[in-house]
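Structures follow.
In the two complexes that follow, chain A is the common piece, with chain B as its partner first and chain C second.
This part shows the complex of A and B:
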């Protein structure tokens, strides 16, 4: 059994667990950044910018995200290749959309046709990250937008009374205070993000779902050292348990973080902590 | 082929009525609208049936979780944690392969490996767990005065639950439950991407949208069509649940009625 679980293929499934963790580690900050940008745009005083922010939030939230995942990857891929095509091959005469085909010149292929395997994989991975970031950025933007409005008006008025500019008020008063209001929504989002990681499989990244299907499938002694029947059920059971443990740990950690952030804030939670300490 | 003929040929394609072969070339806008719309039949079927049965199971689970008896509370808590704590996508995969293995044990499990029953069971459990959490929260926030009034009238046990606690908690839970319903309809799109095979290319809306996107290399037409259908479906769900909400709160003055706040779409 120990031998079976350490075969080369099994090493790739353990590695792909790290792919998932890496995706989470990269996506969360990027999505947060997108969300911050979106929320700031949505409450900006410049009209087109405000429209942009609001449309971004409304559009992404209204459509099943799986459709977005399938849509964005192709759209981004084609968009990048189209731009490169325009830039690199200006004397290309044929149309790009030939009926059902999407044709660009060789130099505009992304990644280049002769690039090594790891470039292809990294490219696919970054497309996935970007897609996740766009979709989750919209959710985060919505949460942060609400959190910015939840900061008591009086705090901002006090800042103005001290003669702070709009920029100073935003960075020194609004942003530090909004996190406590944003955290419940953001932690919810984090849970959702964890649960969205299996969708990587749809984006063509070789993640844990892919390997669970591969390794669990029926093996015969002709092809492998370890023949076995259809074990996919057990592999997916293991995945299920993995995700359950992961959510449980996140719950505990986020609970602690909330406790830490509530300290000294003018909210019901902060008040309760103050009373308990006395 | 005129558009009307296309509708006749493919309008019910997803349930196996009409033209056998899917269009292979010269894709028209009409074909895409018709086939993706035809796929919506499955999304609606999964959503409606799972929601209907899930409602009753969720009520039972919520009562179990709120019960002081460990024997009822622990199983409900675990059920809810397992289905809310793991991705629906993995649940679909696990369910499918579980049914596949069970199939070799007893032929009773044969239909479970097909999407119409197997995926339905998974969706049913999933929505039960999510709704149960909502109902549980609502049960806990039933105003104390209501139960005290019931006690004062000499009600206890089943009559008290049926006539006081349950209606009140349903009223409290309804806005959140509406969101859950929208959620569920959107997650039906996952079914055919998660192991469950689309037999004879009878798939749901996303299956056909993906088919067109693959064939034409152009995602900009099928996916917006799909989005349009889903937004329509969401509007219908919101409308229906709004009617029920109005009915549930018909004893309240107009301005005291809780409004439905729609917060659609997060993955599960």
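This part shows the complex of A and C:
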């Protein structure tokens, strides 16, 4: 049993757990940044910027995730290669589109054709992070946009009365207070993001669901030292437990964060905390 | 500063030219990794099987540096034409439909009979439910018969469908089904077999004629000195050249 659970293949699934965790660790802050940018743009007083923010939110939120993932990543990859091709191989005479084929010169390949496999994997991983960040950034932008409007108007008026500029009001009064309104929405997004990680395999990153399926599949005695029947159910059960534990831990942490953010705020929660402390 | 930028640019350019040289290129071999004995992931987590050995030998003969990548069967052709890897070596039978989209080398297996695997010998092949993997010659074959076709994305699921009664039988390459039949007392082969497909070949982009010629020559040399037959026997894939 111990031997079985430590085969090279099982090492791959343990490693892919870290891939998933790394993806979340990188994607969450990047998506939040995208969201913050989107929300700020959407409520900007500059018209084109406002249009940009609103279009971003509406467009990305309206497209099914899976379609976005399939289309955007291929388009992004080919776009990068096209630009590199134009820059690096100016004297290339053959067309880039030859029937079904997408052909660029060797030097324009992203990553380079002779790069080791880990570079290809890292590149795929970065594309995944970017795509996840854009999708979840749009949802986060909508949440933050709403949260910014939920901050009581009187707070902002008071700030203005003290003679703060727009910028000062935004950074010193609006932003610190909006998180408490944004957190329920953001925590929802975090949960959805955790559960969306199996979409990784669509992008060619071998995640835990891929390895669970591969390891659980029937193995005949000719091709492995550990033949077994269809064990996918057990591997998927392990995945289920993993995700449940992970989301439960997230809930606890987010609950504490909510408590911390509520302190001293002009909300019902903040009022309750104040009364309890007295 | 300006000179620095210029030198870097010049360096990048020369490096680019050096890389454009065909010999420096690594050939990425795309496979599914879920279809033993053709290709599968072994206990160490690496690609293994008949095609792994064949591919490594072909690359050695053609003096190419090769690297193995796995990809879902469903999207294996689209990812080849968009350039994510350079060859498909995944037990893919040569058919006219596929030949319109990609190019094939000469076949490296003879047309292998496809067999039916079922729970009982009296499974209804004419009007029953038959499982097959999506986008395979077997799926296309069943679609043309009177039987109802159920398709699955992976070979594993086609077997599971028969075992849980969702399908009456599964149609797949006999070399793939034989080890499964040997291990499982419940499953038996039906007498009827179908001879479909034109043998298995390597798939390449249509614009990659040079690479195709190299692999073609390597396969021919393996056919000539009998080493291909030795591999076919070793992995128990039917038919010798």
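Note that the second predicted complex is superposed on the first by the 278 of 278 C-alpha atoms of A that agree within 3 Å, B and C clash if a C-alpha of one lies under 4 Å from a C-alpha of the other, contacts with A are read in each partner's own complex, and residues count from 1 in each chain.
We adopt the following convention: a residue touches a chain if its C-beta (ideal position, glycine included) is under 8 Å from a C-beta of that chain, and two chains touch if they have at least 3 such contacts.
Nothing here was measured: the structure is a model prediction, and the numbers come from that model.
Peer 1: Based on the superposed arrangement, let me know which partner A:164 touches: chain B (first), chain C (second), both, or neither?
Peer 2: A:164 sits against neither chain B nor chain C.
Peer 1: What is the contact status of A:198 with respect to chain B (first) and chain C (second): first, second, both, or neither?
Peer 2: After superposing on A, A:198 lies in contact with chain B but is clear of chain C.
Peer 1: Return first, second, both or neither, reflecting whether A:74 touches chain B, chain C, both chains, or no partner chain.
Peer 2: A:74: touches chain B and chain C.
Peer 1: After superposition on the shared chain, which partner residues are touched by A:12: those of chain B (first), chain C (second), both, or neither?
Peer 2: second
Peer 1: Touching A:254 in the superposition: chain B (first), chain C (second), both, neither?
Peer 2: After superposing on A, A:254 lies clear of both chain B and chain C.
Peer 1: Kindly classify A:89 by the partners it touches after superposition: chain B alone (first), chain C alone (second), both, or neither?
Peer 2: second
Peer 1: Residue overlap on chain A between the chain B contact set and the chain C contact set?
Peer 2: 74, 78, 100-102, 201, 213, 230, 232
Peer 1: Show which residues of chain A lie in contact with chain C when the two form their complex.
Peer 2: Touch residues, chain A against chain C: 7-9, 11-12, 74, 77-78, 81, 88-89, 94, 98-107, 109, 112-117, 120, 201, 204, 206, 213-214, 217-218, 220-227, 229-230, 232.
Peer 1: What residues of chain B sit close enough to touch chain A in their complex?
Peer 2: The contact residues of chain B facing chain A are 25, 27, 81-82, 85-91, 93-94, 97-98, 100-101, 186-187, 189-190, 193, 206, 209-210, 213, 215-220, 223, 226-227, 230-231, 234, 264-268.
Peer 1: If we count contacts the way the header does, which residues on chain C are in touch with chain A in the complex?
Peer 2: Spelled out, the residues of chain C in touch with chain A are 12-13, 15-17, 19-20, 24-26, 28, 33-34, 36-37, 40-46, 48-49, 65, 67, 69-72, 79, 81-84, 86, 101-102, 154, 156, 159-160, 163, 179-180, 182-184, 205-207.
Peer 1: Given the complex with chain B, which residues does chain A contribute to the contact?
Peer 2: Against chain B, chain A makes touches at 61-67, 70-71, 74-75, 78, 97, 100-102, 139, 188-189, 192, 194-199, 201-202, 209, 212-213, 216, 230, 232-233, 236-237, 239-240, 243-244, 247-248.
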